[in-house]
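Read from first to last, the chains carry the letters A, B, C and D; within each, the first residue is number 1.
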């Protein structure tokens, strides 16, 4: 008996939300998806989330939203995230941070899936150690279910790949987010954990990681402040589908998803 | 009339060099490759290059070696690189740096191909602007040939994708290196330039970006000094093949190469 | 015959501007100052400058304003800086950046003083090399006067100290800014250049580098977004006075200035 | 009844050790010092410590050695530090790190002094939160003595100043290290804690933070690998003397020490 988990990479702005709304039903159907997890840190105009964008994504069929370094970009979320039990922020933020970093969720058929959201530290913020934070959280999640999905939101490939190997055999899927470019390294590690360094993003592909390309080029050329607007053309959904043996939590297959809005 | 260019991602240590030696002949044959460019910054035990490793790679069929931030790790190379006209270092190093950042090379049939090596600045060293450096170099290369391959060695996806769009229509291929993980975004940009964010590496895949995984995990857990040894198991060659229209320099196809040593 | 140059460290917000207005007349008088240069990158509410704050500082007796990484925080300044010939931005910004990085200014007695503004790259933005940029600018300034003041706006002490030694004998004063903490190393280097690693700031000393201390502590503890407000209590003016031999540009004395508003 | 604590900033290489040996006796005498704490992270040729350099400093009259990011540069120290109860490494290193981050030491008259070593995270390694780590350690130290000295080894002034205010009223002295340039802000904070952002270094002042100036300038100009040798000329000892009320742990005076070897 297997569960099919769909993970969707960083949803960027309205074009990303629209792509998800359009493409999710057919993906769920095609892959007989039992649970959908999406990273939503860029859902609101490219920076952070709002009550409305969270609701929009959850209404569109996302079961759990993970996030990352942009989670607090819209500051009102700090006071709202505790009202959204299906929205996670990285676990390894300081004690006392609003929200939570992991949870156990149920598929429509009632099966339990643990979801854990981590953030890397290389070239990123000064957070607690994501490796040690993961140890504790996974031990706890495994009391309820061996089926566990981990979103490691990080810049450096070394930190993400190391996390994959570190958690190999203890979780079902380790998938990276944050760089907005999908990697071509989906694999099942020796211990039975499915892995992909980055899921890629859901949004305009004719862009620089979701932002209008002219603006980012201007930024690099001038080093002046530039307002980053979300790009609209050629929206795609990127992610992975992972088939997991329910009894053991071992991954039996991982498949990359890169789907264009027609 | 088209030229087939093969670019091979960062060759890591002896396992990477062996993989290249084993796999290159059949790739050249299969894709009727006219010119082979490989990034060699990690060729010597994972850090830098030596006279011997450069010769080994050139003897194995590599026509041009590009490099990156690790180029000077073996310090003797500083005094030797000028003896190797087929080895480039990133162009945007300070004036007076040994070696050169671009060159025009010939295929065995005598066709000219320009090769340009750039390094990014986000999360990396304080170098000259790679975008502006590219403008000048490409103008010069184009006086000799419209067929130009660019290796943008950089950490941040934003900088690499921006470089692709910035050079779109002016060069044949922009391919990234440095993260050692191949990306799944090979495409031809609107202006006719082939693009992939990272070629991936050539070396052990059962590793953390080429290094023995236990060592990298230990480093992340302890923050203590750890000696990084090159991993050996499961060597792969990663890269891209790009077909370029000789008369115009426009890319007509780009194909990802990920080949395992049997 | 000597000139007395007063350099005032980063003026932070209204408390900094008020401190400068209050203290500048007596400092000019006490030290018989011939020219006042102040770093104004934090003049407008702690972040950037506006037309009004620039005018306020210039009206208060500042002859030349230098800046740093915060120069564009108030974006309207980008279009205004060229109207303010007495306001400099770091020289080593990319070609085409609004404003200019150096200039020759006159004391009320008609003597010429060159002022050069540089920005470091360690832990800061990706800019052109400040060392090489300085070479060219100083050669040009010295055609008009040997009396030259350099504001090196940088984070790392190594980069600032290295700049002092690099320019020793070619300019009259190298003084650092940006860390907002005055250093205790005022000295005259062997070649005759006066030097101090950081001038310190002009603003509330009962603060964390000018910002309300509770807010900065909250930021460090929570890693959440915190709005930084300028602190008001216990305003000081920090800077240096440098006596320069007009004929040669050699410094004959440097004295640290740390003056409290009574 | 007061205790006089002398803190000596980063001792750099042999010139630093010699300066300390020469100057310490007269400083102890002049200030009637009860306990000497010195930062030794650069004691061995500028990078790390060895068994011999630790013994040399302790024999010279240092009671406690603190360290920082360079602590493990000489790798053998990892296996030796536990043999040196008077050598601390920053407390906020991961659980399981060799050595310890705080301790209670006795003056020759038998009075107890707590010493705590912390490391910042801004522009530095990915460590545990130094603010939270300090809370726990100080609570424990205060069970034995209210006289507590804190060495906050950090790059950013904001992090050091924030630490000073955060610990104000709970410890006797917060003094920064790492930048190797003494700051001119010795003060007693409102809650009774003495504070100085950086103690400065003990070593050659005719240098770039202890390293031969030509080498550092070459590094900045070329971005090539440069071997950093310790500078020898013009050695100084930099630090602070703090007078502390024994019964309460409150500082009654702080005085900067900058002493040149004759």
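The rule is simple: a residue touches a chain if its C-beta (ideal position, glycine included) is under 8 Å from a C-beta of that chain, and two chains touch if they have at least 3 such contacts.
Going by UniProt, the chains are A, B, C, D = Metallophosphoesterase.
Computed from a predicted model, the values in this text were never measured in an experiment.
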Worksheet item: Same or different for subunit A and subunit C, where same means more than half of the interface numbers show up on both copies?
Response: same
Worksheet item: Of the pairs A-B, A-D or B-D, which has an interface that repeats that of C-D (more than half of the contact pairs shared)?
Response: A-B
Practice prompt. Please compute the C-alpha centroid of subunit B, do the same for subunit C, then give the distance between them in whole Å.
Written response: 43
Discussion item. Suppose each chain is reduced to the average of its Cα coordinates; what separation in Å results between subunit A and subunit B?
Written reply: 30
Worksheet entry | Per-residue overlap in subunit B, given as positions that touch at least 2 other chains | 94, 126-127, 129, 132, 221
Discussion item. Touching residues of subunit C toward subunit D in the complex: what are they?
Written reply: 123, 129, 131-132, 155-159, 161-162, 165-166, 179-185, 190, 197-198, 200, 206-209, 213, 216-217, 220-221, 256, 258
Item to complete: Using the touch definition up top, name the residues of subunit B that touch subunit C in the complex.
Response: 94-95, 121-122, 126-129, 132
Discussion item. Quick check: in the complex, which residue numbers of subunit B touch subunit D?
Written reply: 72-73, 75, 78, 93-94, 96-97, 125-127, 221-225
